[in-house]
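Please find one structure pasted underneath; my questions will follow.
Letters A, B, C and D name the chains as they come in the text, with residue numbers starting at 1 for each one.
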């Protein structure tokens, strides 16, 4: 199968019951500045809204922010929903303070393993700057 | 041999090139308050001055303060000088921040071993309060 | 728009109707607390000598500080372990009180997910929730926590509907809770309209009123952290309005907890103005015998992800409280950037803050022209918004608040809540005080605007550049981004 | 008593006679630095872009802060490892400078014991000295350290005779040293008379003058920590006198380093008064083109033996510097109560202090009546002692100083030095500012005494008891004794 043509478009939002919207907002500003089309969904976003928005703007990637600690649980199942919606190959990133247990948050290889297992392409610590996020996605899309 | 009769008298001072006199001064105030006769020698006191003062006031104990880090080296030989002067059984205490190497200062059992080896009866951390020092000496002298 | 809300005390009839039809049936643990009289009696018994409201009031009277660490974990055993550890390792008793927080699933009323989080935590042998699921555990478990703690307890349950949580913890002898509808909406909500939210919050306040009237004084958190980045006048406004709403329901104590912006003079001025206005407006509306305990909540913006920088934050925030004359020192800890506070982190923070109190003695920010000017501006701004609010509500603060939000007189910058205009924008000045970059529709008086412009100019002069929206964005992270070692910069 | 000392510049003849007959022969490493011209040339080369004096002056001009960690270990390899570690792990460059300290054996001129300490350290595989033995190692080893460091270097060698140490480190491109005869006598000496000490210190200062005149500006530490517990006026006095003594020998830069008492207003006032008096008295005596960099040395009294309390101390002391408008922030670290600073401890302190600078922006202690009153009192007291000193010396500050000490106009409380009267006694007031409990012979003006009494009354009112000498003693440890957990108190 052919790799789809990147069209510089991303969906950004904070998942589940999570009200922390600042990180996602800062990301959306950076992606806009870098010339991306951004569907910015704000906070407290259910999984299905991410998928719908991705379809709507024909997104290259969904960037899920999760700060409040239940990121691991909230992200389970998103890849399956994408597949059902025909977005099998869409890039899924997660980022923030994704884990409630401090022992897990400080054991990053374990977090990466867990996110890989539930179908995410990458997961980012909350020390990741908006610029780094943009650069990484560009590299993964093979653009610029 | 008979144990000598305690007469509530101590020599207090800071040894070697050590200029820290405050701890020793605070100790001297506490021992005076507790009814001891105190020969307070101040700071920068050579070993022989401790011994001479102990003879002069017929001291039960010599309390050596050492704060500046070279306590281990500065205290070596004091017991021998006491023995030479006929003060074989005089109680020797050391106290303060006695060791320059932090790894040693935080390894108190090792410090105790070292001070025992050079003939000191006890060695005290710098968290020892003046009252604790008084109480300990009283107990060692079997008084009150 | 019309709003179906008034600042009026719920009648007993209304209260008990809501209680029996809406609140207790929310989850099975509601059954165990059906008897309110019995709840109050037990709470009274359990909090002999450790009532949250009375402890705060006592310290306020004595001019001493209260340390308020925070903690929340998925399982009761973790809670008890953590509380005991901190109390034993920080000498917080008898000058400390606790804020315990519930998890977000519980706060959003999704008790099933909270229950799943409990199971998951047991399975994984780790804390998988961001707080203690009050409702799933119920009153008996909550009482275990009360008994284990030496210090008084308060619940942070900030979100739309905390009524069942409040019922449970009050019955367990926790004598504080959230009563901050504005804070809640701005920080935790997405869609609920203010009038609907106020209706819910009246219940919590009335419940506190009933406990208070029956010998168990309740002191809710009256928080104004808002989105974390807000003007001091907006915080003062928030605190005053929330006091008036609670007082109507019979609340007599208020922990007036300011979100700190981290400019010492500005934060101090804010605390003073708020206390003055709380007294004045309560008097005006006829609420008598109110006790306000002024507190500071450490900067609720991004924290640095490294120990020493976090310690700098803990120290500076506590010092603003101490020097600013605040009674309550709410504490964050060195874990802030990573996860909810560990017991070790919280013990450290209490020790650090306590030693600052020891070092400072009675030192306070001295009275000065600079301080008085800042007070003047904050007061002028807060009054402007308050008075427009009261006018718009025809003397009713609840109705006025709904209209103030609709009009954008009350506004905030980075809120998930869809009902604020979000037009106001903040930026820091040369002294890192919070200033307006964009006033939106907030009715800032001319003199205050001029002062604001002047302050922005000072920063422009300092950096030698015009301030742009980019600075608004980068200021959000001014306290969290670690310096890149210079030799590696180009 | 008569004193054989005048504040007059050493002639070249005098200087070189002392150099060749007294200083260089003290130890074999004196040989390698016989050629002063060559020393200066190499020092110049080695400190291109990292001169201590110029770095401080530059920050003062820009209104930015300098971080000054301290370090000292028995072996050169430990020194280089520590310096490199801190510089790499704290982002101190380019806003940092180093104080490196020599060990006490070296300071007391007992080079044999220092050499034994080196051997012992190698044997034990541990640092067995409380500083780096400058003289035993000599200039080539010192230059290795200079090359390894990114930041400028300063030597703390405070004790009676540091001349050979000063020669060696200046030749190695360390551009700061001690020039604080009063501080030295009070804190480190037992018996040396002041006139004899001043004679020795004139040499260090003149050496600095010669370097300065030849293109390598030297900025000595002009310290006023004294015994750790002293009145601010006594510190200002110390700084001013030490400036005048150094200036006469050709020193142009002075790091006017105040010992902090930890009351923010009082310490701020002290810094301001000292700077004002330094300028005024230098002008009066005709010393031109002087640059004073005001710095703060963290509380030199007993520190708490636990991490978090130490962090509170680090933060509060740094904040006084920052808010007080001091340029230099000298740093202690979390190891203070246990041993000389570890590299990790120092890196932590730099990070903590740097983040405070970030958080504060341009925040400073605001001008206020309270501050002005404190300044007025300190200035009045310092002037009274200064003017009596100058009068007693018939216009000569060196002679006057000797007489001031003899008369007890200058005095300190807990000094090992036999020549101070030791009659003055200090105690803290309700705000933990340092006050006189006993004036001794210090000529404190009436108005200042009245103010002092008033401040003591405030504390008596606070504690509900008369202040006695017991408080003088217990105040010595007010910042170091950890609270005993209350449940275990009777």
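Annotations
In this section, contacts are C-beta pairs under 8 Å (C-beta built on N, C-alpha and C of every residue); 3 or more make two chains touch, one makes a residue touch a chain.
Worth saying up front: this structure is predicted, and the values here are computed from it rather than measured.
The chains in contact with chain A as well as with chain B do not exist; no chain meets both. Ranked by how far their CA centres sit from the centre of chain C, the chains are topped by B. Computed from the mean C-alpha positions, the centre of chain B lies at a distance of 55 Å from the centre of chain C.
In terms of their C-alpha centroids, the spacing between chain B and chain D amounts to 30 Å. Note: centroid distance chain C to chain D, computed from Cα atoms, is 45 Å.
In summary, the structure contains touching chain pairs A-C, B-D, C-D.
The touching residues of chain A, when paired with chain C in their complex, are 14, 16-22, 25-26, 29, 42-44, 68-70, 72-73, 97, 99-106, 126-127, 129. Against chain C, in their complex, chain D makes its touches with residues 88, 91, 93-94, 150, 262-265, 304, 306-309, 311-313, 315-316, 319, 348-349, 351-356, 358-363, 365-371, 428-432, 458, 462, 478-479, 483-487. Across the complex, chain A is touched by residues 74, 103-105, 107-108, 110, 113, 116-117, 120, 124, 126-130, 187-190, 227-228, 302, 305, 335, 337-340, 342, 414-416, 473, 476-477, 481 of chain C.
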